[in-house]
Amino acid sequence: MLLNQFLILGALLFSVGVYGVLARRNGVMVLMSIELMLNAVNINLVVFGVQHGVVSGQVFALFVIAVAAAEVGVGLAIVLLLYRNRTSIDVEDFDLMRG
Amino acid sequence: MDVLLAFTRPSLDWHALAPELTLLAVGTLITLVDIIWDDRSKRAMPTLAGMGLLATLIPILTLAVDGTERSMFGGAYVVDDFSLVLKALFLISGYVVVLMSVDYIRDGDYYENEYYTLMLTSLLGMVMMSSSRDLISVFVALELLSIPAYMLAAWRKGGSRSNEAGLKYYLMGVFASAVMLYGMSLVYGLTGSTNFDTIAQELGSGPSNSIAILGILFVLIGFAFKVSAVPFHTWAPDTYEGAPTPVTAFLAVASKAAGMVALIQLVFVAFLGRDDVVQPFFWLISALTMTVGNLIALRQTNIVRLLAYSGIAQGGFMLVPFAVAADAPARAIEAVVIYLAIYAFMNLGAFTVVLAVARKTRSGEIDSYAGLFQYAPGLAVAMTIFLAALAGIPPAGGWFAKFGLFRALLDAGGGWAAALGVIVAVNTVIAFAYYARVLMQMWFQPAAEGDEQPIVVTGAIGAALTVTLLATMAFGVLPGLVGHFGEVSVLSALGG
Amino acid sequence: MWMLENAFLIPLVPAISFVVILFFGKRFIGANRVHIVGITALGLVWVLSAVAAFQWTQRVENPSPDAIVEMATHGGDHGDDHDADHGDDHDADLAVVSTDHSGGEHGGGHSSPLIGPVISTFSQWWSNGGIEFAVGTLVDGLTVLLLIVVASISLLVHIYSTEYVKDDRRYVHYYAFLSLFTAAMLFFVMAQNIVQLIVGWELVGVCSFVLIGHWWEEKPNTDAALKAFLTNRVGDIGLLVGMIVLWGTFQTFDIDAINTLISADPGAHHLALLVAACCLMAAVASKSGQFPLHTWLPDAMAGPTPVSALIHAATMVVAGVYMIARLYPVFYEGLSIGTSSINLMAFIGGFTALIGAGLAFAQWDIKKVLAYSTVSQLGYMVMALGVGAWTAAIFHLFTHAFFKACLFLGAGSVSHAAHHTFDMRKMGGLKKAMPHTYRTFVIASLALAGIFPFAGFWSKDEILLGSLVGQKNSYPLMLIFGCAVAFMTAAYMTRVIWYTFHGEFRGHGQPHESPKMMTVPLWILAGMAVLGGVFNLPGPVLEPFGLEGLAHRIQTYAEPSVYLSGLGISHPDPSLNMALVGLALAVSGILVTYLYYWRRIGLHGLTERNSYAKNGYTFLENKYYLDHLYNDVIVKTVKRPIANWANRVNQNVLDRAVDKAGETARDTGRWIYKWVDQGVIDGSVNAAARGADSSGEGLRVIQSGKVQNYGQLLFGSAAVLAIVFVIVV
Amino acid sequence: MEATGFDTWVLSLAVFLPLVGALVMMVIPKAYEAEMKLVALGSSLAALAVGVYLAFQFDYGAAGNLQFVVDKGWIDVINSRYIVGLDGLSLPLLLLSLVVVPLCLIYSWNHVPEPGNTKAFFILLLILSTGMNGTFVSQDMILFFVFFEVVLLPMYFLIGVWGGEERRYASLKFFLYTLFGSALMIISFLALFFLSKDSSGELLHTFDMRVLSDVAGVGIVKSTQVWIFAGLFMGFGIKVPMFPFHTWLPDAHTQAPTVGSVILAAVLLKLGTYGFVRIAIPFLPEGAIAWAPWIGLLAVIGIIYGALACLAQTDMKRLIAFSSVAHMGFVMLGISTLTDFGINAAVFGMIAHGLITGMLFFVAGSVKERFHTLEISRLGGLLKSVPRMGWILGFASMASLGLPGLAGFWGEFPAILSAYNPGAGLPEETFRTYMVIAALGTVLAAGYLLWLYQRTAFGEPPEEFADYEIDDVNRFEWIAWTPFLVGILLFGIWPNLIFNVTDDVVTGITASVEAIATGR
């Protein structure tokens, strides 16, 4: 089967996600990018699972999806909190603490 | 596809799961109580949480007495002495943190019940972590302990520092876990299994290919982030400074310990075959972490931030044994476990004193400790003992932890190990240089504008101090106690 | 023989008196009566020493069998040398005896049996490396001789001081330390092993330090004290090293053992002995004021005069000479005195004698004159030892102690009369004012000058004789030195007498004779200055009276023939010519000076007789020739060139060198401290600290506070690690 | 030999009694100052009494082997045990530290230096005492290490809280220096633990110092021994302190309060030299032989260097501090010869230096207290203004410059002498050169001490102190000082008091070194 293609897709998605996390300033966009990374992982897991002919891959993927949802929930909450206090969701702005 | 259909209900060993279930129950109970008598219940919450934690220790004791090693879910979840020791450690440190939190949370305008619920949940994650022997369970446990921690870090809703702390912790956390997951996926892909033992066999036998290396590295990095190892430490200082002090203590001790536990299982069980990757990686990381942490700590003026960096450096010390993981596995595990145990108490103690002092001075600056010895000799002496322990000066506990490191290194022997040993020695000296700055303020300086009214130490904080102080001194004078735990944990961990 | 075995009592007595005076003096005895304690103690010491001396003579005259050195018995005596040595001892005694028989052939050689020293060791003193080191006493003729000298002079000085330092600000301390010094000196002379020797050596040194600095309120005194102590310390390097070399060579500290071993086979360990001897010479030079370390001695005159008499004339300064005599085999073999015709010791001694005498001319301070004269005389003794005339040296030590002490005390008495000045230009004409002092002073001077029949004559004569004959070869240069010094000594002493007692009184105030307490000791010493010689009269002198049995008493009693005969030392036959020459030199020295200072007295109009000058016996009367002689010969050749040159060298080179040494040391110290210690070493330490600090500061930029930088760092380093590992592993 | 009955715990009693006193003091409220002082003094005197008892019970015939041995389990996981024992080498040093502490308490009875707080001051002194006593008797490397380190913090606070102007800098420097050394030291200990084999080639895995000195490093190859010794050298050499690690000493001494300096000089420095004799040399003979020439070199450099630095000082206390560098140089020279002669001398030198320099620091402290300065140029005429103190200063200086008949001489002379023929396998010429240099050092010693004495004690007291109300040595000072003075004189007159005790142990140590050296 097309293992490599899937893996390459996963790698690309992951890279895009990484780029987004590191480059986008909008907090929400950062969260989205993280989702991208996680989904890249999911693709890998599923593909490998099929490759090896075991289900653990899919199971793992399901766990990841579930957890990702929870994470994003928390993430959005925090961003919201920040927006309330600082009326900004630009991650570059938050550097009260440094050094 | 018949694979999917052939689902058989896994056999549950309730005794083995008793601790987790107890925690879960207490957590839920707190929420229920809150829902039912919301405000009137506030007073009871800390007690309830504390009781819950202590109650959780009971099944652990029974399991320890029973002593048989229990394994579930095809070896994904193991209850052995190693895990029990660490569960106990998590719970006790959690209890101390609760004691620390009581007044702090009560005085500020915080949600109390949720606070304790979340803390218990996070502890649940840790407790699970120490039993996980499978990529999936490790991942789940990690997230279970992290996600509540993200919220706790941002608990001071009003304070923008706290929010920022939360944000940084969260973003870095999920980013790191994404990286880790990617690594896990690669490892899984190579081995076709999520079970550590299988992974170990596959990786050990399998040829060295770059995918494996990539996978291993990414996984390790994910946890290196958790234990705030340089260069993945950057979140720690900011988060520590911003988060509520008890939470900081919690992060600095419990969650770091959890990361260490995960690393132990990964390195000593899953990746032991690939010491060609693991050992150099940790050599580098630990050396960097110690040195950078200590050096930056030299320049700190805020006590919490100072402790944050000192914590990073301590983490570096804890990582040292991993650098000889394959050469001297037993000694290495022992060293890490011992270090964790001692570190938990001495660091918690230090934070407790910070908390107590902050209640009067309302400041986190080191200068605000001037003349502490004059008006609060008790606290000053306690702080001195904790710092001495952190610096590794007998008879306070820390020396035995450091001793464990050297022991592991020299047991492994060889030039690299010796070199690392010397680096550790040098760092010990640097470390004392900044601990001494606090000591100097406390002992050598007169109190700021002669304000000499003594500090009120509330019951809870007093209790926390007593526990930590006793433990620290006991470990220093009779290291046999903690040494024993180290030993038992080793046998099982390597046995499994 | 009881006294000889328990000789330790002798130093014990003054030691006790020291403690008593120092701690109970003020409170119980009374500050102005402490001298009673001291004098009693010293009296006791004197009696004990006398007894010891008597018993020693008995031991020599009719020796008990155990006293005579036989084959095996002797080896048992030294407490702490190894069994290995006993074999050597065996040979040693064989050798001793054989040489003893052959020794009879030498003229002065004694044929009496060899009398071993009385060695008694006490409870183990210290143990190291399994070896135990004893403390004990070694008593033989040399020891008892020194005992007598020290005891007598110390006693007299004690008595004399009661007047001299009456109601001094620190009367008690003064007497306390006189006692301590006496104790230390006695301990030193009866040392049984090298370590005791060193101990005593240092203790007398520190006593002299304290007593020189007795009036420590004035800086010059303390400077002098420091200078004395430090110069001696310099010599002590030699002492330590030399002694250590001896230890390393013979593996024992026991003096008796070392001497015996050397005289057993003189040839062995020549190099080691040479090194040891040279090192020890440095010690001698510092302690006994030999060139070039003599400069402290004149400064030491800052102390009270009785102290100068006791310490810096009679006893402490001869410690060096004593040590040479005590360890004579070491030097004899090391410097091969027997065979050479010039050697380090002899030269240093002779040269010191010469420059000392020369310097004595250039002084106006009477005590300085005497000090330099002491230097010169000590040089004489060292020279004597250097040419192998052991007995002569000790004999001279004996006589010199008395008349030089007499001179110093006389000088003290003079200054006592003349307003505590020592400047001869402020004296003069004291003859009438203080007859006792005058007479004793003159007698002592004659003795020093070596005029027949005074004590100095006999001892100096023996030294000159010794250097004339030498051992295998004669020592011509030493003879020349000796003669020159004999002449100069007479001359400068006469000068002193003139300036002090004759002419007009140039001081102010009314000079007066000193009280009895001072004059009586003077007379006793003067008596010794007259009679001192009889203790070692040469045989021929006595034969006419049928008393030859009394000849060479010191040689007979004092000489440790046990050791020396092993070296085959011979004694020259007395020679009348030598004696006459020596006498002539002395007399001429006196006459020349006399006529120079008293020349206005009826010598005019006799110049035309100078053509008969070649008829030796009248040439002294010739005024012109004498003027010429004194001005050109003495003044030009002696005073201006030698004395002035020596003086200049002394002040500008040696003395400066000593002082400069101190300053340089301190400058070096400052430099090293400033640059090396604080600069380099400490600097590097602090630099390390600063480096850590600043690098910490630098690393803080990582912590930019921007979460995305954190992320970049995280992922960047992850990527880098990955790449590195993929490539490397 | 295993002790029985009372003897099994009497030694521990001597070690821990002061600590007990300290704990008792902690619970006494500040108000009851008199009681606290009594408790402190009482406990330390009790410890001293026990020490005296030990000294009487001690079997001097068998001084070579350990007595009052206690061997109980302590940290089983690392096979480290609580082993304490007393032999001829430990006894004198233990007694020294037992004697010094109560005297220091007495000295600071009524005038604890600024900023006061008698309670803390005495408690720290007592803890210090426990640490020192323990170090001298422990026979297990880990135990030794712990006691060795226990000493640090109290001293750090003594200097830092009660010290002079520069106290922060000085105390930190002292601490970091020593900490660095001990970190390397513990590494070496562990290396010994893992590497040392018994004669049959079996790995021992023990920290028991008795065993390790018996096996004398057989089975550890020479190159390894050299490295391990290097670690120990850092650990002990910094403590001694040896040139060039000495720079913490002058600062620490100058800034420390009087009793701090006294204890530092009298006992703390000895921990280092003791370590060399007790651990470094017997455990690693080959390493010792390889290192000895260099140690000797550093030692003689230290002698000359310290003396020269002394000549440069303008501050009395700092001068005495540097003199310590020089004197410890003699001690180390003796040790570096690896001969029983030299090491005996070294041990004697430790005691002597402890008494003499301690005495000097006492005097310096009292002078400072009376004249509020230690500037040599400003002082003067002590013999006039405070005659007794002046005499004591003179006495101590004379002892310090190695005057025979006083204790100093017996540390110095045999040390120099031993360098004449060093132990087997050491270059003779080199050491003879050292000998001469060291002898030179004695002159410089006389130089700076007498110079100091002349400037401070002789002459007329300067005008600026004319109106001061200055009293001579007071009662407390007499009580505190007399034992020192007596000791200096007694050991000087009868050195065998110490030589006799130490000799057996030392001959044992050197014998094994000798065997190794000549064995191959």
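Note that the chains take the letters A, B, C and D in the order they are written out, and that residue 1 is the start of every chain.
FYI, a residue touches a chain if its C-beta (ideal position, glycine included) is under 8 Å from a C-beta of that chain, and two chains touch if they have at least 3 such contacts.
Note that the structure is predicted; figures quoted are calculated from it, not measured.
More C-beta pairs in contact connect the chains of A-B than those of the other pair, out of B-C and A-B. Look at where the CA atoms of chain A average out and do the same for chain D: the two points lie 64 Å apart. Chain C has its Cα centroid 80 Å from the Cα centroid of chain B. Chain centres here are Cα means. That of chain A falls 26 Å from that of chain B.
Between chain B and chain D, the centres computed from C-alpha atoms are 42 Å apart.
The set of chain C residues touching two or more other chains comprises 700, 703, 705, 707, 711, 715. Those residues of chain B in touch with two or more other chains are numbered 167-168, 171, 175, 179, 237-238, 299, 433. Within chain A, residues 21, 91, 94-99 each touch two or more of the remaining chains.
Pairwise chain contacts present here: A-B, A-C, B-C, B-D, C-D [touch as defined]. Listed in rising order, the residues of chain B touching chain C in the complex are 167-168, 171-172, 175-176, 179, 208, 210, 213-214, 217-218, 221, 225, 231-232, 234-235, 237-238, 276-277, 280-281, 284, 292, 294-299, 430, 433.
By the touch rule above, chain C contacts chain A in their complex via residues 700, 703-708, 711-712, 715.
Residue ranges on chain C touching chain D, taken from their complex, read 124-130, 195, 198-199, 202-203, 206, 213, 216-217, 219, 222-223, 226, 229-230, 233-234, 236-237, 240-241, 244-245, 247-248, 662, 665-666, 668-674, 676-677, 681-682, 685.
On the chain D side of its complex with chain C, the touching residues are 173, 177, 244, 247, 305, 307-313, 339-341, 344-345, 381, 383-384, 398, 403-405, 409-410, 413-414, 416-417, 420-421, 435-436, 439-440, 442-444, 446-448, 450-451, 454, 457-460, 494-496, 499-500, 503, 506-507, 510. Listing the residues of chain B that touch chain D in their complex gives 334, 373, 377, 384, 388, 391, 393-395, 399-400, 403, 406-407, 410-411, 413, 418, 421-422, 424-426, 428-429, 432-433, 436, 439-440, 443-444, 478-480, 483-484, 486-487.
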